[in-house]
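To keep things simple, chains are lettered A, B, C and D as they appear, and every chain counts its residues starting from 1.
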Amino acid sequence: MEKRTDLAMEAREIWRESAGKTTKLDGVEATETEVNGFSVTTVRVLNENGAEALSKPIGTYVTMELGGLLRREEEAFSRAVETAARILCKLTGLKQGDKVLVAGLGNAAITADAIGPKVARGTLVTWHLTDAMPETFGAFRKVSAIEAGVLGTTGIDSGDMIGAIVEKLRPDCVIAVDALASRSLKRLCSTIQITDTGIVPGSGVGNARHALDRSTLGVKVIAVGVPTVVDAATLAADLMEQAGVEPDEERMSSLSGGVIVTPKEIDARVDEISRMVAYAINMALQQIGIDDIAMLTS
Amino acid sequence: MEKRTDLAMEAREIWRESAGKTTKLDGVEATETEVNGFSVTTVRVLNENGAEALSKPIGTYVTMELGGLLRREEEAFSRAVETAARILCKLTGLKQGDKVLVAGLGNAAITADAIGPKVARGTLVTWHLTDAMPETFGAFRKVSAIEAGVLGTTGIDSGDMIGAIVEKLRPDCVIAVDALASRSLKRLCSTIQITDTGIVPGSGVGNARHALDRSTLGVKVIAVGVPTVVDAATLAADLMEQAGVEPDEERMSSLSGGVIVTPKEIDARVDEISRMVAYAINMALQQIGIDDIAMLTS
Amino acid sequence: MEKRTDLAMEAREIWRESAGKTTKLDGVEATETEVNGFSVTTVRVLNENGAEALSKPIGTYVTMELGGLLRREEEAFSRAVETAARILCKLTGLKQGDKVLVAGLGNAAITADAIGPKVARGTLVTWHLTDAMPETFGAFRKVSAIEAGVLGTTGIDSGDMIGAIVEKLRPDCVIAVDALASRSLKRLCSTIQITDTGIVPGSGVGNARHALDRSTLGVKVIAVGVPTVVDAATLAADLMEQAGVEPDEERMSSLSGGVIVTPKEIDARVDEISRMVAYAINMALQQIGIDDIAMLTS
Amino acid sequence: MEKRTDLAMEAREIWRESAGKTTKLDGVEATETEVNGFSVTTVRVLNENGAEALSKPIGTYVTMELGGLLRREEEAFSRAVETAARILCKLTGLKQGDKVLVAGLGNAAITADAIGPKVARGTLVTWHLTDAMPETFGAFRKVSAIEAGVLGTTGIDSGDMIGAIVEKLRPDCVIAVDALASRSLKRLCSTIQITDTGIVPGSGVGNARHALDRSTLGVKVIAVGVPTVVDAATLAADLMEQAGVEPDEERMSSLSGGVIVTPKEIDARVDEISRMVAYAINMALQQIGIDDIAMLTS
């Protein structure tokens, strides 16, 4: 059985565990640094061999650990915003005048799946203002933001929805934000992955759907993902395996069917991280400071 | 100064007041009946003369008074749902197999403007299910539902957004739901207008934008509007005029700039009416009873 | 290690598992019936022996399974309301003129803990109306409802808060509603326990606090509890034990610290069950039908 | 007809208008200064003559204008917090070790009335922590916070509720926060009144109830009030009078019955001001900076 995870960093760990810690994986490079007090890991999938080993497309996956934010360290929020903004700047590689669509994926009515919609609501939207009020907004980059909804509540595949908007607006880049599933409890609401490979919406809480990437949308797609849930059946299977026990089919089946593991404080964590990601996107796209963002988006 | 109102019934009253009560307006027909205990007024704008007099496109405007619901009369909720569903059936004139997009207009973050988004959330969405689960949903009509957002929070004109979705989905009919502005306090949250002429989004709380109608979307557009606000400046001007006083420019200017008049219980009223309209749409589109709707949408 | 659970039914199962299925437990009686299509189990703890074996005070614990509601069976909502109302009537044993305080326990800002607050908001409050408007409300029982909050957000123990209100109002009975923890995934949001022994607030998501019962409040306390979470560490330990493996301290510790297991649809489930319980309380206390409740509380 | 307003500053203006601008009012002193860029007016009602003229109890009423915040001036939020905190420090006159209860008045389910509940939720609650975790919280003042609810949803007079809590907790000071009614549109969501005379709950959106002050609660009561609504009937009557027209009974009656005037952006304004007031209370009570407050309360 293949072990699926949305996080490239976790996929690499799983590969290492199965292969033995000493092996070097051809086609995958990983580096770890500290930025603004946060641990930042960059995993580069370089070729088809690496892509197959990690079950992840070729590209760059940057993971930032939010431990300091959870531990309420000093100025952790503003430091986290700046760190994430810096990663976004690098991966988007935007030029002056480039236009951006921020797409919030996920179901706003499910707490653990609401990161995307909340980030869309927190995005500083300027698309309609740069031409209408050039004296105030002329220096701003054109940015739109939509909540794409989920198939179950709209009847429309979120990829189709975003595709239709992209055709209409013709942005230079899409930033897609979604909740993810993790295999590890320690990553819940404490990690952000930013990648230039796009995203498969709904791999967190809902069902996997069509990919959002350059091949489907025709423009660069940067994905921001936050693990908010661990699937209960996956967690149990992992625990069993670690204990060296064969998972019992019957026991496992009672865990499937939509049971999830989350932090008790999931409501507050989702609020905080959504605000952090929205601030980082605003900072990266508009090159403005955190005080201005707070003022313009409240 | 022209007196603007979103309600054809109100436009007709204004015309009659200005013209004298005895005059008959060429090109406008109005009839009033009682359905299920609710007063239902149908205004038909028949020609260009009528359209100009009321500043409303040619078409049919059905207004239903919700007094009985507000007075908590017996079974008022289910009777209101059935009445609105019957009006919708007549105006949509759907054939078997016709597909429908329900578009919720307005800003979900402004209580008085949230009717559209709330109705979209309450719509029974089946588009993706009729093919995927034909045994359960084969008998259902294909229905999608979107919250179109507002220009200020998405950067995209809601007409453009809906246009892009219509092109993708190719529905046979769009039902657009929005909050409206009324001139009269007595209509606040106590009237629904259903019309086959489409709608100009944002004429309630926000700014008027492009029309959503057959000419812009290429399909039939039924609009459901609920007056939730009276513009404070308009109210004051009307009061002054009724009192025979010239409105004072300076005094009036203090009223402009986004001051609105609503019922104190606006939050609860918007919740109830949104649920009522969503139920009526589900009943009209799927031909199912109120108990099934409650069960399927909760 | 003692296995703790808030549900008497579950405590009895655990006792039976540990003691062997054939043993009869002295001091505990259990009967199972079907009411309105729902399975209803009554566990009576008769003496100190039974109380010690189940770690539950002497009294009656009625558990109702909500499977039919989750499976969207016909008229399941109204049947569930009527069943719960009947159990409440029996356990409260109210006489004419008896006054009731409904106390919603738990943290409204944590989805899985919001059952209590939501039920308090859905309670038909009449205490102030029976004297002020005797012609309309004279036939109603005096009912008050409060959200007691949690220590972490008020700084006041919810028992102290309710005690202060009870002293002021002098009700004849308190109905305390709270989210519970279950050991079993299959009971999540699919079971209600109603008991005449009172409750220890916060045993669901938060920390256990002082008991709310006749000895602390001086009046009869009926508790309504709904299991919404399984503690992740407990679940893991149970899985390990079932597999015959010694739980690994280090592994287990990664699970502690506020990680919970819930249904993916926890937001919708909490909404529905809260509405069901509030309706049942209104029906039990005021002897009115479900249509009147819907009308009076919306 | 007496002209009622919750704002002492407005009451003084009304008195001046009726009496002629040149007259000095015996028993009332008013001074205006600028603090941190905000206009701050202090009205002191010194004796019974002043109290009768303004229909306000003897005491100090400090009003702060929030225009700079609404105009999004630089660092307006933090400057507003500091200004309000300074006023609160002065009026509360707390000594070291004094304990405080923050009471949020109003109905959380009505947007325009939700200032009190939202401030209570934003208050840094420490009452239970100073003894339990002295190493971390020993230096903090004991603070509790409750949402008192409203008679219509609890069945309990909020004064009775707070009285019961005060008897239990024995705080040295109560800070009561509520939405107010203004007569003037220009003060809507743009003014805060802080007074040492207590408050009559529900004078904003709901009905007036018993006073909360030293005579009823036995401790010092500081009231923080924010005008969020103008009564539509009052507004109309004022407009008529200004225009020199006799208000028409019939016309006026259509305006009564719970119709209110608010800013269109009432949801966002109430959110922002509630956060501002909560921050100011936290700063005044705990002597901590704005970054620490943001970190500790998010």
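Going forward, a residue touches a chain if its C-beta (ideal position, glycine included) is under 8 Å from a C-beta of that chain, and two chains touch if they have at least 3 such contacts.
As the structure is a prediction and not an experimental result, all values here were calculated from the model.
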item	value
If a chain touches chain B and chain C alike, it appears here	A, D
Degree value of the rotation bringing chain A onto chain B, based on Cα positions, nearest 5	180
From chain C, the most remote chain by mean C-alpha position	B
Cα-centroid distance, chain C relative to chain D, in whole angstrom	38
Chain A and chain D: spacing of chain centres that average the CA atoms, whole Å	42
Where chain C touches two or more other chains, by residue	109, 268
Chain B - residues contacting chain D, complex	109-112, 185-186, 188, 205, 229, 232, 235-236, 239-240, 242-245, 248, 251, 254-255, 258-268
Contact footprint of chain D on chain A as seen in their complex	72, 74-77, 268, 271-272, 291, 294-296, 298
Touching residues (chain side chain D, partner chain C) in the complex	109, 121, 125-129, 142-147, 149, 151-157, 160-161, 163-165, 167-169
